[in-house]
Every structure is written in structure tokens, then in C-alpha cells.
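In this document, chain identifiers A, B and C correspond to the written order of the chains, with residue numbering beginning at 1 in each.
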Amino acid sequence: MKIAISASSPSLDSEVNPRFGRCDMFIIADPKSIDFEVVDNAGESAGGGAGISTAQMIAQKNVEVVITGNCGPNAHRVLSSAGIEIITGAEGTVRQVIEDYNNGKLSSSSGPNVSDHFGMGGGGGHCRGKGKAN
Amino acid sequence: MIISVASGKGGTGKTMVSTSLAASIKNNYNVQLLDADVEEPNSHIFLKPVFETSHAVSINVPVVNEDRCNHCGKCAEVCAFNAIAVVKDFVLTFPELCHGCGACSYLCPRRAINEAPNQIGTVETGKAGSISFVQGKLDIGQTMPTPVVREVKELTSREHIAIIDASPGTSCPVIAAIKDSDFCLLVTEPTPFGLNDLKLAVETVKQMGIPCGLILNRAGVGDSRVEEYCQKENIPILLTIPLDLNIARLYSKGTTLAEGLPQWQENFKEVFRKIREITGERNSST
Amino acid sequence: MKEIVVLSGKGGTGKTSIVASLAVLAENKVLADCDVDAADLDILLDPSIQEKHDFAGGKVAFIDSKKCARCNICAQVCRFDAITDLKVDPLNCEGCGFCSHVCPVDAITMQPSFSGNWFISSTKYGPLVHARLGIGQENSGKLVAEVKRQAKIIAQSTGASWIIIDGPPGTGCPVISSLSGASTALLVTEPTLSGVHDLKRIIEVCQHFKVPALVCINKFDINEENTRLIEKHCQSLNISVAAKIPFDTVVTEAMVQGKPVLEYTKGRVSQEIEKLWNAIDSL
């Protein structure tokens, strides 16, 4: 099985990135063998809904668990719908977090741990709003 | 005639000017005041209208027919705003991110997406004595004021002298408020902040091809750089209102200048006359 | 590291003037001017610009006239009146990309739209991140987010204890963007009915996004009855009124001199701002 950890740099010694939707990259690892791949987070620069696009990307990688610092309600909703377990409040290096996970020291969260717009805010697009009024 | 009131800088006195102007000319004209500062509408405090109608302003957001949907993910792919997501057997919509562009429902290969209105604000109308009153208000937590401003503008009456109170700044809700007005009254104060933001506002109305004039508010403290700038740019200063604790107190109590210090009514009538002159000249020269 | 964003709801209550004075008092901080639509903080801080960057707010559709088949389907689907005579009006274009998806000859591409600049400057009070949004541009909050992001990067690399943010007026996108991730919101209000009305709305926004707030009543002596109204309202919501600053033309005089009022004079206004900072610092 695979777990995805939000990261700031492409190695196991990277600090866990505190934001799910706006992190630079993910380390997707097999917690048993510690084999891993680095996946860029293209959704990081989205105007709005970064968590949503990032969650969809992760869901396509056949990941079963996400480990991160903070996860907002939109991302949480998408990940939960995909059946992915979400662990928030993680701190330390990616290597440390994988070890903690294997030792059963991490527990999954039941809901988002930050309110929406936590990571960056800034609605997408031009906010000129819709065309024809209703 | 449509007169918009804008500023660049916040707190310069737009609302005080628009409501005092409306109150000063209401006996000679049919006046309509439209409050397009939909994030913080305040004109009602001064004109105290009795509201008669209220309707919701909505954006059309997608509603997915799960029976037809095969979770191909095309909608999520085309959405530029991440307002719709597809994972496994679920389609999730995020109405607060939706801009109502309609791409998802049009492009769904299974025609599985319909649109339904999602409220983002309200527009209310009423009367303040003989003044027709329109107010837009963006719901708390909503992010996009411009559609609400647009709906306020739809109610602009060409049968009236319409005065539009805009929000501070020069970005798109302000553009929507002052668009198609015949004249823009810019209100500022004679301070470095006032000058800095006035320049932005002047650039904006010039780009939109709308003639403008200045109301210099809280004159007395500050410096003369705003006046010098106006002289240089040929922007007429139509009225100067001094920094005066009495005026400030009237404002703090929600009283227009026209009501609280009736001698000011003549000054605002003069402003209106000058506006008519300037716009009349423009029309006759084209 | 704590982040405080100064907001008001109503414009012109004194946010920028107060932020400039907080800049004098706070140690080890990074400053950010998030009123990107009408940025004024730099007028008081005498910054020297170290970096200037272009900012692309979103995307704008572009029709390649050489490929265009003149079928006009793009204009038919566009809900923002952005396509006339087979040309895109960038001021109206929402950046949704609908047209680019329906064009039968792939003549439409979505391109980044340049909408302003952001700057990193040095001031004698510390680093300042600020921005200028282009005229008539959309203020979607994305430029605000970029200013905050850059401020955070600097704060992390310098080990700053504070990020102090001069926020925009209103309650929409740019305000929400400036609020996100903040530890506290300082709400500057004035004792006018408009100020009270708008304060209530901005308090609601802070509650909606779960950012704790404290209030400062500026020019409080213009109307002490309204000041009491504000105090009562704040009490009912368990929001502290951390300072009450008297009206004094010295604030404008300092602005004309291009200085924060705290550097210009040591009178009552400065004393109240010091009191305000002590309240913030002890949170």
C-alpha cells in the first residue's frame, strides 16, 4: 500500500509541509519498503480550490493514506470520498513520520483541522462573477 | 443622467457626498440612489429608506444527475476554478468556487449536469421619501461582489437622475459600478494617501472615457498637492468641504449634510449644475 | 511566528496609519501591504525597492485570427460578454476557458494575464512586501495571497516573530485572502454609524473564517455614544477593545511629513497605539 506525505523538498529528510493543498510536492512511499517517488503538486498555484485539485491528483495515485500538517474542508471532502485516510498535525521529517506511522503512533482525523481558505485564500479567476444575472 | 461617485481611497466621503447630493436635488428632480458598495453598503443609514422589495442574487452552479453520470471526470478537467471534482464514484461540487461559466454542463458528454441558482447576495429596493433607493449586499463569506454590483446597475433608471455610490478602490466591482455613467464624481482628501489613490481613480475613469470632477473633503489639514495635481490634469474641483468636527459628528450620527446643515444644499445644487454643464458641453461637442 | 492582519470593513478608518506606527514598535517583524488595490503603506515607510516582480492574476482567452474559422461559437457560449467581433476583451474575460474548449479549430488558447507587480523592499523598520494591482484589474485575492506568501518566506528565513499585514477594506475576496492563516485580526473602526455597521460585518467574516479578533476604536471622541455602542457590541461577543484613539489632526500632519505618527509625536495618539501594541504582543 502507499502513503502520501506533503513535503517541501524531494527527499525523506524533508520537513513535512504544513499545508496539503499548497505544498510543493508529495512523497509517495511504501511504508514497509520505504521505496518512494516524488510527485510535484501542480495544484499549488491554483487561484482557488487548490486543495480540491491536489486531492484529485492524489486520489489518482492509488494512495490509501495522506499524512500532512493541515487539511482544509474541501480537500478533506474529496479525499474522504475517495476512501483515503487523512492524518493531520504531522510534524518532523518525512522519514520520522513514516516511522511513526509504522509504529502506530499517528491517528487519523475525523474532519478537516483548519477552516477553508487556511492555506492561501484568494479566489480563483477574475471574480468578475458570472455573466448573465439570474 | 447617471452620476457615479468613486474615490480610490476608502473613507473619503463618497457616501456622504452621494446621499447629500441626492437629498439636495430631490425637490427639483426625480432622484434615484443606487448603493453599489455591496460589501459594505451604508447609504441606507443616511437616507433611511423604507424597503419594498428584496430579491436574491445568484450564480448558476452545477447540479449533477447521478443517474446519467459515468464519472468520466471531464467536468473536473474543464473547470478552471476547481469547483467540481471527480474521485472514484463521486462527483463533488463546490458552489462557493463556481463562477457560473457553464462550461461543465455544456461539455458533459452524458448531459448529466444541470444548473441551479446559488445565492451570493441580495438586491433591495425602496423609497426614501421621494428618492428611489436601490441597495446591493454581498452575503458574508461570499467572495465575488461584481455580480451583485451588476444586478444593482440593471435597476438604473434613465427616467431619474441616478446617483451611484461605488466602493473604494479601482478594481472590478468599482469598474462595474461606474461603467456607463455620464459623469464620475471623485471624492478625496488633501493628504498623501488621498492623492496617491486619486491618481489611480483618475487613470481608471480616463481609461473608461468618463468625464470626472473632484470633491475635496476634509480640507484644512494636509497639503496642497491634490489641488496642484487637479490643476495640472485639468480636473475641476467642484466643491470643497472643510475638516469640521460638526460635519464629522453629523456624519457619525448618520445625518446627511443637506439635512444637518441645510445651507449646504445650495452647494450641492451648484455641483449638480456644474455636472450638467460639463456633460452638456461634452454632448454638444461630439 | 504570529501573523496579525489589520482590517476594518469600512475604508478610511486608519488601518494604514496604525500599521505604520505598529511597525515602529514591533521588533523582528516583516510588513506586508495587502491593500493591493490602493496601497498606501509605502508612503509612510520610505521603502527602497529591492525586487520587482510581474504578477499574472489569472488567464485570459486569446483567439488566433489565423486559425479562426469565424463560426462565432465562442461568443455564443461566453457568459461574460468578452468576445465581440471574434476578439477577446481582456477586461471582461473571466478566464474560464469555456471558449477554448468549444472552438472547433483550436484557435483559442488561455494565456496568463499580466495584472500588476509585487515588490520586496527594505525599510528602516524591516522588510516590506507590497504590490500594485493594475488599473481596472480583477482583485481576486490572488495578488494578496502572493504578497502574504512572500512575506512568510522572508519571515521564515529571518526568524521573524511577527508578520504585520495592512489589510484591504470590504469583506470580499481580497479580505478573505488576507485573513487566511492569520493568528489574529485587528479591526480598526470609527464611532460613526457607517463604521459600526461595517464593523459588525467584518466581525462576522472573522468568525466565519475562525480568526480571533480584537478591536481598536479610532477617532473615538467624535461620537462617544457610538463608541459606547461599539464597546457594548464587542463585549457581547467577547471581543476585546484594545485601544481607543482620540481624533487628532497630528495623524494627518505626520502623513504629510511621510512619517508614522509614533515617530512624529509622543502625544495621546501615540500613547494609545503603544497600548494597542502591548495588548497585541501579550496575546
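Here, contacts are C-beta pairs under 8 Å (C-beta built on N, C-alpha and C of every residue); 3 or more make two chains touch, one makes a residue touch a chain.
Since the model is a prediction, treat every value here as computed from it, not as a measurement.
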Chain labels contacting subunit A and also subunit C: B
Chain pair, A-B or B-C, that carries the greater number of C-beta contacts: B-C
Approximate Å spacing (C-alpha centroids) for the pair subunit A, subunit C: 27
Euclidean distance of C-alpha centroids - subunit A vs subunit B, Å: 39
Subunit B and subunit C, separation of their C-alpha mean positions in angstrom: 19
Junction residues of subunit B, two or more chains touched: 80-81, 99-101, 143-145, 172
Per-residue overlap in subunit C, given as positions that touch at least 2 other chains: 79-80, 94-96, 138-139, 141, 172-173, 176, 209
Multi-chain contact sites of subunit A, meaning residues that touch two or more partners: 47, 123-131
Subunit C - residues contacting subunit B, complex: 8-13, 16, 37-38, 40, 43, 59, 77, 79-80, 91, 94-98, 101-102, 110, 133, 135-139, 141, 168-173, 175-176, 190-195, 197-198, 201, 204-205, 208-209, 219, 222-223, 226, 247, 249, 252-253, 255-256, 258
Residues of subunit B touching subunit C in the complex: 8-12, 15, 39-40, 42, 45, 78, 80-81, 99-103, 106-107, 138, 140-145, 167-173, 175, 191-193, 196-197, 200, 203-204, 207-208, 221-223, 243, 245, 248-249, 251-254
Touch list for subunit A against partner subunit B, complex: 43, 46-50, 52-53, 55-56, 59, 74, 77-79, 81-83, 123-131, 133-134
Interface residues, subunit B side, partner subunit A - complex: 57-60, 76, 80-83, 85-88, 90, 92, 94, 97, 99-101, 117, 120, 143-148, 150-151, 154, 172, 176
